[in-house]
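For reference, chains read A, B and C in written order, and residue numbers begin at 1 within each chain.
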Amino acid sequence: MSSFWQATIYGLLQGGLLAMIAVGFSLVWGVMNIINLSHGAYVLLGAYTAWELHAAWGLDPLLGAAAGGTAMFVVGYAVQRLLVNRIVNAPIFLTLLLTFGLQLVLVQGMAVLFTADYRSIATSYASESFGIGDVRVPYGRLLAFGVAAAATAALVLFARRSRTGIAILATGMDRTAARLMGINARHVYALTAGIAAALAGAAGAMVGLVGTFSPPDAARFTLLSFVISVLGGLGNMYGALLGGLVLGVVQAWAGQYLPGTWVNAVAFAVLVGVLIVRPAGLAGRAFYEARVEAA
Amino acid sequence: MSRLLVTLISTAVVVGMIALPSQLYTGQVRVVTAVLMFVALAQAWNIIGGFTGYACFGQVAFFGIGGYTTAVLMEHANWSFWWALPVSAAGCAMFAGLIGLPLLRLRGHYFAIATLGVAEGMREVITNLGPLTGGGAGITVPTVAGRGTPWLGNDGFYLLFLALAVLAVAVAVLISRSRFGYGLRAINQDEDAAAAAGVNTTRAKVAALSVSAAITALVGSAYAFQQITIYPQRLFDVDITVTMIVMVVIGGAGTVLGPLVGAVGLQFVSEYLRQAYPQEHILVLGAVIVLVVLLFPAGLLTAARDAVSERRISLLETIRAYRL
Amino acid sequence: MTTRAGHVRRIDVLAVAAALALTLSGCGSKGTQNQAGTGDTLNLGASMSLSGSLEKEGKLTQQGYDYCVNTINAKGGFKVGAQTLRLHIDYQDDQSQPDTAGQLVDQFNDKGYKLILGPYGSATTGAAMPVIERNGQVMVDSSGSDDKLFTKGYQRTFAVLSPASVYAASIVNAINELATPKPGSIVFLAADDGFSKTVAAAGEARAKDLGFIVLPGHQFPAGATDVSSALTKIKPSKPDVIVGSVHLAEGIAIVKQAAELGVKPAGGFAETVAPPTPDFVQTLGNKANGVLSSSQWVPEVKGSEAFFGSAADYRDGFRAAVGHEPEYHNAEATAACLAMVLAVREAGSTDPDKVRNALAALDEQSFFGPLKFNDKGENVTKPMSVVQIQDGKLVTVWPKDQAAGRLVWPGASG
């Protein structure tokens, strides 16, 4: 029984981090109907920022997350304003293609700049853990989980309470109407992309805290973001959090009760199943129509 | 110009292509073989993604299933490659029909993600069926004397992939001129309107996916035989799907010639970059893709056609139309 | 897009294509160019993982090859018959993909490159081997060690390194000889790629032979960064030794997550491949201490020859030239390049058949140990060394004639 609880706790903690990786991806998809294939590269850029700051000045990855997030906000804003905004109205393949090209440039650029070495931000506490009975709770993952939950909550508050946040949601619901209301859609889109990138960057610092990373990991983070966003449903801010937790726990349970190599197969089976049964995600409705025949 | 002339010229090109390997070095033959493979793949994707407008992000699933069906039939059932090839395609078309029924009800990105999930999931399933597929260690197609089909040699595979590329282009031409093809285009433009106009959209979409899957599986099957040893990582590599999409979109989706131009162009450019800049070629390729998308969002072919036929530069107009 | 207009332009393009095809058929000719033997330089071809999932390991291999080239050229090259040749390696990026590696070997053949140095990894090497065979090229393999590669009857590939089957088995041997108290139970955790599975199976067989209790092993996807479920599964059975048959990412994850999950084997951890890479100690810090690993090369290896001297000379020379301690991926690569040079010198010719025969007959001592191949092309004479991380440094502990320090046992810290 204790191994069940161990797997569940570990899966939840892991899921929180996955949620933070995905929440920005989900936001961009929900508001702009853009799938950002360079999202995983943003996560890694944040991780490298935090790693460099830790290596140079011994900065704790918590502060590194703030720095990485800020840096990535600028990158995300600029990329959207200068590049992606130019083809927002084109068929969806084009945004996919553009962000795919960007991903190639960023990943290969990182490999040149930082080498392909595996890195991790080594702290004294991250791998330590405390016990509840037989179940171990690692500090590093707990911290990452806390940061993820706080960031998601802050995002929800920002979107629902601040003028800018409401402008983002409004633009997501109906861009034309929003523009008529005097919202500068170009700026709002760039802002949204910036916030998404900032969250990805901060999540990257947490990845560096609890695990390892190297440039080829970018594609894996993007793929995870896909799965989680769909599980949670787009446009629902808590959706990504829910999707992340579900994925984390399902993977942990699958790992526990099936041969270890089946874990990913189960994750994708859940993804496809959810899409067929509830295309708008486990929670709530999406801004964009999911199905031909309305569900 | 008459249809006769088109036929004549096409025949001349194919005959020229058949004669080509005798003039090339072995490695060059392989490069051109890879080009032909991607012509067939891009054209296959074009049927579902270009004509019908459903961005199938899991196309590589059909490639992998085709390859693994062939490998398993040859290795465990001692089939000849020439039987395994059509059976793989037929099996894969049925698989596509089965997953198509639920998945093609999804729209836009949701369809893209669901098919991506199918492809990734299939890779994991194949990896885990170790006794049958060899798992992560790969499976080797029997090609030695006495068992299996003798390996075709570089020139043999060149001809095989040439045949598949011709087949794929021919199917695309037939579809583009048929009633079926007009139905698919109508779905692409406005699905509800197409249904209202009497197109059986579900049947048309599933048929398009199955045809597309069958061609992709033929290519995967031939690829497995060519490689001898195949691994799930490569046979279900999402990069293969992305490459098909990039080729189609750069060339011009929904046309017959666009994917052809895109596949030939991109494959030669990336091959050239690889040889010229072994360390930085991917970076350069990424930058090229970004630039092409920003400058020619409607595809190179469409831009070129507008420039020639209507003597206007559509560049600025498309950019204005697509930007925010 | 009007269909009518479409036809016209289709014809135009087809005409251009036809003209192109005809032009092409006018020039060029079947066969190979010869760019390999230009003047006094011997060009070797190498398909390498310069990007993609094995980029890190590919770069290490490239460093080893480059160091070989620079060292040999700094000594004025090497004598082949009456001529003195300098060395050059032409790299192409296979993007860590087996199919591309095979294609690149064909392209090298076009340029007349008959002598090839191996790519990184068993899958890419496996894809290159049949091509080498077909084209009558010769390859010295620096990293593809899966025993399955050498059961297919290929005659033209020679691997300087020890085969996969001894990676974990040598660790088991070392524990059996050196560890007190002798551990009772061992569990093997393996990535699900071919190489890692071969390693684990051979290790389990060896452990059973030596009388250890081998607990049921677990597998996880190759490249996994989360191995927590495998660790949770083995935790209740309290194994004395956890052996990871892994690459770098999974290897780091095992030690890191075992600490998180409170999995503490009484004896310690042992892993293949990962620990000798500097990233292992850099990312794990103190937690790396005590971990055992096997290594294809250590600076205490016996043997030397004229180009690189002894193993210690190699370490010093490499560090001075490249800026960091050589690790075994570097040394494997240099050794493969050296074997090729020695064989060409022995053959007195760059003719691939003569070089192939010289490689088959090669029997030289070097900084990498004996360079000698069996009839399958494997190097079974060379011993595999076992190292332990002590205070963040790799210390050779086995076999006895190479040992630079004593095994610390139990190895697990804390």
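Just so we're on the same page, a residue touches a chain if its C-beta (ideal position, glycine included) is under 8 Å from a C-beta of that chain, and two chains touch if they have at least 3 such contacts.
Given the structure is predicted, the values throughout are model-derived calculations rather than measurements.
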Pair joined by the larger number of C-beta contacts - A-C, B-C: B-C
Maximum centroid distance from chain B, chain identifier (CA atoms): C
Inter-centroid spacing, chain B versus chain A (mean Cα positions, whole Å): 31
Rounded Å distance between chain B and chain C, as computed from the means of their C-alpha atoms: 34
Per-residue multi-chain contacts in chain C, two or more chains: 51, 192, 221
Set of chain A residues in contact with two or more other chains: 108, 259, 261, 264
Where chain B touches two or more other chains, by residue: 124, 127, 135-136, 282
Interfacial residue positions of chain B with respect to chain A in the complex: 49, 53, 55, 102-110, 112-114, 116-118, 120-121, 124-125, 127-128, 135-136, 191, 201, 238, 242, 245-246, 248-250, 253, 280, 282-283, 285-290, 293-294, 297, 319, 321-324
Partner chain B, residues of chain C touching it in the complex: 1, 3, 5-11, 13-15, 17-18, 21-22, 24-33, 48, 50-51, 91-93, 95, 97-99, 102-104, 106-111, 123, 126-127, 130, 135, 146, 148, 191-194, 197-198, 221-222
In the complex, chain A residues that touch chain C: 3, 6-7, 10, 14, 108, 111, 115-120, 122, 127-129, 131, 136, 138, 140-141, 211-212, 214-217, 251-252, 254-256, 259-261, 263-264
Complex interface listing, chain C residues touching chain A: 51-53, 55-56, 59, 192, 218-221, 225-230, 232-233, 235-236, 248-249, 252-253, 256, 259-262, 279, 282-285, 287
Chain B-facing residues of chain A, complex: 29, 33, 35, 83, 85-94, 96-98, 100-109, 112, 185-186, 189, 219, 223, 226-227, 230, 259, 261-262, 264-265, 268-269, 271-272, 275-276, 279, 288-293
